[in-house]
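Per-chain numbering from 1; labels A, B, C, D and E assigned in written order.
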């Protein structure tokens, strides 16, 4: 019997007791978020019409199920939640899950969708990527390498943007050297925003219909806007066949924060 | 407990009393609508099939909830309403919200969508933009600068059109000087319609899937049509990859006016 | 209290009495259909699944509401109805409304969609156009001008086709003279079908996502097919970026005729 | 009172008695299927979710309504049925209707969609074409003309494929002679499959969003596959802007056979 | 009376007794999966909202129906199942069916969709292909031929990816020799992944809207990602007009395993 099939009260009790015992130690989250060779899935959902009609108590019970499912899988995967509602077109919440094996992510999302909470969700979009060592940085001049190592500004970065990218066939037909020259120009154009906009790159070719998932965190959306504008002005951008579609804009939220907002 | 979760009668009473006390002073609306560095969200919704089946009294109660949500957020954001029904494809109402922080707009739209009224809505489309200082005007001749400062004709401008624009990669690859020359031609083509068609520009790159949101107000739709026709004839238009899709055409309405129309 | 909110019996009585008194004199329909500077909206709807389940008596009551809404607005706008069901993809009925102000068309369509009948409809597509004086004809040779003035064959033209068109940026970049040469070739290619296929042109740029709405009436669909084939062979067609999508094919019906068909 | 509004039992009795009297002599089906100047509509439908929940007896009653509607219109139009379910994406059944007037086809499809059976259907796609005398054959060498006259192999050809085609503007801009040369190459590439794959061509320009509907019957789908592969290798294919979207693959079934399958 | 119309208990008993008697000997599965000239259908489905609301006992009864339908058709066709839920956008399960005749596959899928279990499914996508002898390998050097004959690594390959491909008209216009040169480069780029990624190719031209369905099995998704990346860098990729859309990523599951997961 899985957690999400237990009665609502049962799971509330279970979660409460597990929390109390510190049972959800979770995987080495820092490692999963920093290492190359890690898989990540971005899964966005919108709520069914039914959700809006639920009473407050039912919502809370269902959100407790969500909490149970997330906690149950935190042993193997690092899970982040974002609120897209109000800022993105056809999606309300976004999960980002990092794991060493895609199978573990599938188990989490199947449990989520099979759960009583999952029955309130419609899939808005699912994308996958793989983290890899920097492709072009080894060919960059030392000064640029040093600049890239500077840490971003501390403090909260509440806004999150996810933009999938597909390159043209012409891009892949270029040799590594030519691509390195263009990626150097790209990287230099991005440098002024290095401190206020945190970036993370996922390689998607073959895993879904895009080549890259670019992920951004910032507290200054105008800086983020100017960063993208700068990146559209370099030569490498001319080899981009798809940029966005969708663009997901949202705010990073803790699990309990999301539950509070959705319980209202 | 948030306003939209109160009983219908409760909120009617609350709104009435707040109005009486002048509690909704709101932000400096003029400033938000005139300043650079302000964020704006265009959020269009259509009604669910359910809405049409509601009794008059229920509709009025739900519209009172709408009023409550809007008034509650007017402290931080400037909210405009437009009736798209009958003139736009798959959208019935449009909100334009200006704020200094996108987070405040999200809070408003989450409250709206979570509310009893929001359960009658489906998202038709959400776009975001940032207001910025004029990009090319500093490079224009003085005469053109002067012409641009002339005020538009006074009087009501009931029609509103919102057209998103995406430029081609070739456009962004041009240097600022070449783009200024073309934007000068663009601006001159628009001048004859300066008095009867009010324009406002929002920069969107990265915030959604377009580069600009262009917003127009007019009482003369034929002038607006001729304006766009003129703009399609200048060279800069050849660097436009997407124009519209959607084009939202509607009429500007006060909150009470919209409520009256929708209550019928 | 508006007509469509009255009881069904009430409205039947009202309509009957208004008809008896000749109260629906309507606007100068001929003028609206012939003049330049007139706005036209093409609004297509499909029926909800619910419609098919209604009893005959309920259908008749709802169609009486439709009649009431149409008659109520005939004072200011010229309304035509077409049956698309069976011939067009995702639309069942099409309204074409001409008026001097788009606002009056919006009022009609909002009343229609808000009415009990409108609750049985889903919007399939809405497009707008403006009638204008012929753009290129002044530059045509006299003989061609004369040919164009010949009236089309008398008699009923039951088939109606509506095709939206978007021109390429290259088209608008051409000067008026070059476009006139090509439009002369276009017009000559169309001449052989002048008698059996009636055409009307609406200018849409800016009002929706197309540049033109072309409207055709004929009793000979093969002539219409050959006309379009001829138009695709002239040079001007190479500057067409979108042709159709949708193409609406239907039959012109009087209001009572439509009601009879839909009541079954 | 039309047939499909009669009680189920009534229509069963009516159909039975009409059959017994040989009242459904129908039009000259052979002539409609062979002559030029005949209109054909391809109308594909999928079943609503509701259909799957009907009891066997209800299904049979509804299918009897289908039979009644088809038989009622067989006097004027030739109707063929195909089962797409399982082989095509979003369509379950396909009607092909030939008639001398499109109006008669519309009457059939309106009766079908208005009927109790039609309420179980959603339109998946509707396309129209006109049969015409061969366009390019008169310019072909005599030997090729003779080869084209050879009859196809006798015996059942259970598989049916319908592929809509849109040519590029460049194709229509070519003169007849150049197109004839290319169509000769096209025809020669198709010759090896002449015996096992029966083809029929419909001209659609203006009647919907495509230029041609190509219709194929075969018992050997691998021959059909190789035929299309050969046609994609000739020069004329480079002037094809859309090929398929949708491609409908199904099996030809008699009315009673379809009813048997759907009754299960 | 077909199996899936029997009562749930009846079918459970039937399946149990057939299993006991070894009645489901099935076709020569190995032969169907290895031979040229075999048809394969990829049919993906998502669950209706209704599915999520079913009680556990009802789910199990419905899954027993699924089992019955699959077993009933295993005499003529080889059926594989994949779990897409959580990893693919709008599909939950995928069937791959191989048979000597497409008709037999249609019978299976019609039975599936008509069954009580099928009423819980919505079609997400259906594609068809034909297995053929290798097209270009005969023109490859002997060493490459030998390399291609090396078996892939033993052991389970749980991940499955299905990517449809459409080539450009320019590709088909090239002569066989030029295409062989490019396919040799393609094949060499793929060689390093030969052991960890199993590939199978289906030819689709004419059978649906793509030219090829490429099917991959692996336990190392990073190798698969790098394989596709390598294939995008060779010249032949520039003749690809569509790659994916959809890309289906899932995990191979036995029928009983799928039933276990879906029963939860």
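Note that contacts are C-beta pairs under 8 Å (C-beta built on N, C-alpha and C of every residue); 3 or more make two chains touch, one makes a residue touch a chain.
Computed from a predicted structure; not experimentally measured.
Annotation of chain B and chain D: jointly contacted by C, touch as defined at the top. Shared residue numbers account for under half of those found at the interface formed by chain B and chain C, and the copies are therefore classed as meeting with different residues. Mean C-alpha positions place chain A and chain C at a centre distance of 47 Å.
The set of chain D residues touching two or more other chains is empty. Taken as a contact graph, with one node per protein chain and an edge wherever two chains touch, the assembly forms a single closed ring in which every chain touches exactly two others.
Across the complex, chain E meets chain D through its residues 2, 5, 37, 39, 41, 43, 48, 50, 102-103, 105-110, 112-114, 118-119, 123, 125-126, 128, 130, 169-170, 172-173, 203-209. Interface residues of chain D facing chain E in the complex, by the touch rule stated above, are 49, 52-53, 56, 83, 85-90, 158-159, 161, 163, 221-222, 224-225, 227-229, 232-233, 235, 237-238, 240, 243-247, 249, 251, 261, 264.
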